[in-house]
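Quick one: the structure is below, and I'll ask about it shortly.
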Amino acid sequence: MLDVRSATKLFGQKAAVDHVSMTVDGPAFVGIIGRSGAGKSTFLRMMNGLTPASGGQILVEGRDILALRGADMRAWQSQCAMIFQQFNLVPRMDVVSNVLHGILNRRATWQTVLNLWPRADIIRALEILDRLGIAEQAPKRAEALSGGQQQRVAIARALMQDPRIILADEPIASLDPMNAQIVMDTLKRINVEDGRMVIANLHTLDTARRYCDRVIGMRDGRVVFDGVPAQLTTGVARDIYGADADFNESATSTAIPTDTSADAEYAARMLA
Amino acid sequence: MPADDLRDSTIRLMTRKRRIALAVPALILVYLAYVAVAFDLGGLAQRARLDNAAILLADAVSHKVHVTRDNRRETLQVSVEGSNRAVFSESQIPDWVQAQGDGARIDLGAGHVVTYDGPRVVYDIPDYGPVTLDTSDGVSVQVPGGTLPDFINASPTRATITTDQGRVTATASRTETLRYFWGWEMFFFDLSSPFSGMTAGQVLSTIIGGAPLVEGVSNLSLALSEFWTNDIWQHGAVAWAIFETVLMAFLGTFGAAFVALPLAFLAAQNFTPSRWLRFAVRRVFDFVRGVDALIFTIILSRAFGPGPLTGALAILLTDTGSFGKLFSEALENVDDKPIEGIRSTGANAVQRYRFGVIPQVLPVLLSQMLYFLESNTRSATIIGAITGGGIGLLLTQAIQTTQDWEKVTYYILLVIVMVIAMDSLSGWLRRKLIRGA
Amino acid sequence: QEITEFRIGLLGGENAQDRMASNECLRAYAEEALGVPVRLFTPADYNGVIQGLLGDALDMAWLGASAYAAVYVADEDKIEPVLVKTNLDGSYTYHSIGFARADSGITSLDDMEGKSFAFADPNSTSGFLIPNVELPAEGYSMTEGEYFSRIGFSGGHEQSIIAVVNGDYDAGVTWADGQGAWEDGYNSGALRKAADSGIVDMNDIVEIWKSSPIPEGPVVLRQALPDDVKQTMIDLVAGLHDSDPTCAYGVAAGETAGFTPVTHEEYQTIIDIRRAEMN
Amino acid sequence: MALIDIRDDYLAQTRRKRIYGGLLVVIFVAMMVSGFRVADARNAGGFWTGLSSVGDFPADVVSEAVAKVANLPGHMVRALPAMVETLNIAVVATLLGCMAGTALAMGATRGLARWPRLVPLMRRISDVFRAVPEIVIALVLIFILGGGPVPAVIAIAIHTAGAMGKLFSEVNENVDLKPLDGLASVGATWSQRIWLGVIPQVAPNYLSYALLRLEVNIRASAILGFVGAGGIGYELRNAMTFGQGKFDQAAAIFLMLFAAIVVVDQISGLARNRLTHGAPL
Amino acid sequence: MLDVRSATKLFGQKAAVDHVSMTVDGPAFVGIIGRSGAGKSTFLRMMNGLTPASGGQILVEGRDILALRGADMRAWQSQCAMIFQQFNLVPRMDVVSNVLHGILNRRATWQTVLNLWPRADIIRALEILDRLGIAEQAPKRAEALSGGQQQRVAIARALMQDPRIILADEPIASLDPMNAQIVMDTLKRINVEDGRMVIANLHTLDTARRYCDRVIGMRDGRVVFDGVPAQLTTGVARDIYGADADFNESATSTAIPTDTSADAEYAARMLA
């Protein structure tokens, strides 16, 4: 289904993505890990067409999407949804409109610009929001929502696109543990229930271990690990992150601690 | 399925948005349609004289030389743009005009030749034939075919032939032929100058190595002074006009700042406790701002007559209003902490203002003044057109007399350069002064 | 008492630079004769000169009759008329000329019903004051909408000609000496200037009305000037035609037989007419 | 660094500052004084002699207006259509100018422009549009189109487009680009990205600037009336120029124009206050 | 030396300072504590003359400074320096100029307005800055300095006044613990070395205990405690602050913890 061949992106002299190759067959949940600057975001942006590639091919069902231009590229983008760390919603517009933006490419420009959405589209947007448990927020402005809710709106926009592939660039990096869990659970559900491929950049090992079918490690633009979560030992992680023996996994963890009594106590004292 | 009422309310919301999205452009369109009717756009399309635009464009980049015969006195004169001040002397007459007996042979190029022969004029037009105008008794026209083509406009007393190469007009009193040339004529030196008629290379070599054209004056300074006093373009006078315009803006802007600063304290809530005084001062600001520099120009021209001072004072008065408002807003935004700090050391009122207030507001005020300096340069151009000073007057009058479009173009370019220069200057000063103050 | 400088105001009709240039010789002569700096001013319109005179900012100007009346009405003791330009035949009158486009089919004021009509400047004698009085007297109402559909001010004589040629107005009024041939635009006046400069081909316009003779506007001096200064300037301008005809041509804006003395009485009629125009 | 060095450095710096500051003040004062004297010398009337008669003209107008106060309402009613025309000129020109200014701003902002290479060109176009005084464009257009409101509209709109092009692109520079990336990722076209991603963010600022501009443009359209572009300025000029005898009319027209300016000022001030204090769109 | 007799300040009906009386003989370091709104700032501002009193007397060497007006009041202010929580410097002027503002009252107005300071004054200002360890900052603008440095500039300005009394209104409230310590140490040094009286409003008990010779507790405008730090038990503090049994002193502490090894370790790991 997805066949990446030697995909490369140069910024000036520097290779942000350096001859990356991989193949994904079915609708897998793929996690990409690696430290800051490893090229994770650049790779996803190349796949989505936000950043033009410098070389290589990315074949999706036999078609090289890196070679697409103009309207063809936009048509591809409409099938390949992207979720961002900062949600990238239009803050001053309401939630439904933001979700409807997912089908911008399939409606006439003048129609979208004048806000003339067909009733059926609106109903579908509401159904998607309902599925993600935020239908109540529909009429509110996006900026009025919490981070977790905004990310779910972004996922709803992605679902509105009815995409074959969902790309997620550190989707939970700006969320608190509680919301992070909800968002990751949602993505997993979409992956399993709808059979859509999800490729997610993740910055914590335990999230990758917990949700992914397959984990890819990047370092300096290259793929340095490609395997199942079980193979992701602390030693391997050290290699990926280029960390020395001090490397402490929990420092990067965003999992919700099971024992929160100490915090609760502190909070109670503060509020008193 | 989401709850029905939620769905309905959302759809209602979207419908409302859609209505707004359609209504706003619709309203704008309706308004524009009303205005189009009110402004008689349809009639305008008919009235518009695109040939005038063509004349304007052509004249802006070209000039014409007039060959005029006075049919009563029987004299011939060759001049640029028909101006009395640009008449070719005997020796300067260009070689496409050749005197022959009681007339002349004028070569308009491309085979077009006009011959003056006493009261008779023959215009030989290639691919058409000779056209003869006789001015001895009224004006009679003879054409090859017998029927007048539409490039000849004739009446018993006057006839005009217009071709791509030039124009011939004949009346009983005079006959005139015009030939068009590219470029601005005599931009550097007028006909009376010793440099007249030289090419750029010749001028340069004369300046560098040539023997002095006038005893005791170097060729360079001669060239400069000839350029400066050019009779046709009057570069010296134009430079003065630009200077006057900038002067009006400069005096007006900074003068206004001086007047407005103390008054702004009276209008600022944190410096003037009396509500009534504040209200009064603010209304004064609103009034002078609302009256507009234009009205002040007219009022002041009674007291001071025409000239740059009147314009400067008009700008000063208006901007006192604008600055008063802006400055008092800046003063209301000052941070009280430094003032209190200064006060706690036993400083008196003057010192408190000097160290507590001025350093805080000065950058804001300065930047506003410099913004105004640029926009006032433009206003000064307009005011000059009304009081009679500066480049604005030259420009508007050149436009209104609709003859010298090349000068109009020249002035417009100068105005654009002047405004952009003032804009850059004020931007540069803003960066310099406000960073380093 | 002494004066420290002498200021001459020049009325519009030509662009400012050309006005300065044509009067430069007069300035130089005056400077020599008076022994003080003499300066020329070129306000943008009639009103600029009027205000300058009223505010004592100008010492001398050559006004139109109506502009003289305007100053006189505002302040009787401000200025005095001293000289007037004479035509080649010795008269010192000119005419207000009504004109229209030849292709409009209009040949007289009778064809103007429901058409638009342009004045020049509210302070112009021939371009406003006289036609505004004579036309109603001939039965053409000057109330907008009664006879003419629209009546407006173009801003000046040149603008009137351009406006009519452009079709903004169906007809307008401007000034001419009424001597010489129509096809030349007469001997002098706004039509002549426009025809000479190629703004208009005289074949394209026709005369539709001509006023009774209008007195040429006076050269005025500020009354408060010392007598010797006044006399010097009067002598200078009156003798200009003999001493330097080229200069006189420039100052008078055309052929002239020179300047002759004139008194306030010559303008009493105009003043009365102007008074009648006031609200 | 030893105290002694710091001290010497500081004292030297103070001296330098004093000299520069003093020089700056001296130059500025000299420019003001000599500028004033030049202007005074080149003016027909002198400043000091004219100062006493500054009130003469307003006094003439007021005394005549007071004497004929009964005429004022009539004059106002007669000038009303011209007033409406002036307002229309200002509104249409602001509308068209702001639209063109928006287009210029979108093309002149790095990161938003459809054709990034044209950014410098767009900026120069704004600069030139801004630099040409309205009166110049209006007069040239009057020559081509004939007198009337349309040349004024075009002239003011061109200037407004230039001014707004600059202001709007300054607003655009602060725009949050994340929503744009979001829209790009779903395959939105440039116009959809701009309309849905940028416009909602900048609209309050744009509107506030546009309202401010409207105030300026009302004055500009009145001024253009002075040179033959129609509207209330034309009426005012004719009455004012005639002078004694029509000052009552001039006063009536002036009062009306002034009232209109004040009213629009107040309304737009209120509206801008609401916009900046974040009322929803 | 200082004799406060029934000093009172009413704001409308409300007494912000309510018949406060106290006597201080020598150049003591006096701390005033009390919760927000207790009237601490108002009392200091009355002493400095920034806020006119409603009643009572404050005698300094026999002269009632509350009765002073105009030039006399300004002369008093020049002998009674004030240090503010927010430093209250002129941010756009350089450090030395700010210090020189301390002697505005003693130089001719025209001279100061034109910024023409005698060389001797500048040298003295630099010496004071040097004594406070910030001479290097002399030519910088005040706004370019860190909070702690700015507060030391404010102290330098106070010293420039050569005052007999220094009033400090929560001088360390907006500083981090590190800078807070430096500033308090500086104030203490001035108190001890120069023999100038310091009266400081403090919002933490431990600072008061550590630096003051005498502590005054205020509550609702009245003096509710006046004694040496040793008498300041937790019970007394509860009275002053009107707190109940939950009151936990360390919550208000800004002292730098003595044992910082844990932090250092963490920082080292992060920087690695």
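Lettered A, B, C, D and E in written order, each chain numbered from 1.
FYI, a contact is a pair of C-beta atoms (placed from the backbone, for glycine too) under 8 Å apart; a residue touches a chain by one contact, two chains touch by 3 or more.
Computed from a predicted model, the values in this text were never measured in an experiment.
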item	value
Given chain C and chain E, the chains that contact each of them	B, D
Highest-count interface - the chain pair sharing the most C-beta contacts	B-D
Chain nearest the global centroid, as defined over all protein CA atoms shown	D
From chain B, the most remote chain by mean C-alpha position	E
Most distant chain from chain A, judged by the mean position of its C-alpha atoms	C
Chain centre separation in whole Å, for chain C relative to chain A (CA means)	82
Geometric centre distance via CA averages, chain B-chain A, whole Å	58
Chain D and chain E: spacing of chain centres that average the CA atoms, whole Å	50
Chain C-chain D separation of Cα centroids, rounded to whole Å	36
Where chain C touches two or more other chains at once, by residue number	7, 9, 41, 47, 51-52, 54-55, 57-58, 155, 159, 162, 166-168
Of all residues in chain B, the ones touching two or more other chains	47, 49, 52, 298, 302-307, 385-386, 396, 400, 402
Numbers and ranges of chain D residues touching at least 2 other chains	43-45, 50, 53, 56-57, 143, 146, 148, 227, 240
Chain A partner contacts - residues on chain D that touch it in the complex	176, 178-179, 181-189, 191-192, 195-197, 200-201, 280-281
Contacting residues of chain D [partner chain B, same complex]	28, 31-32, 35-36, 38-40, 42-47, 50-51, 53-54, 56-58, 85, 88, 91-92, 95, 127-128, 130-136, 139-140, 143-146, 148-150, 153, 219, 222-223, 226-227, 240, 254, 258, 261-262, 265
Of all residues in chain A, those that touch chain B in their complex	94, 96-97, 114-117, 119, 122-123, 126-127, 129-130, 135-136, 138-139
Touch list for chain B against partner chain D, complex	28, 31-32, 35, 38-41, 44, 47-50, 52-53, 56, 244, 247-248, 250-251, 254-255, 286, 290-292, 294-295, 298-300, 302-310, 312, 378-379, 381-382, 385-386, 389, 392, 395-396, 399-400, 402, 408, 412, 415-416, 419-420, 423
Sites on chain D touched by chain E in the complex	1, 3, 6-7, 9-11, 13-14, 18, 21
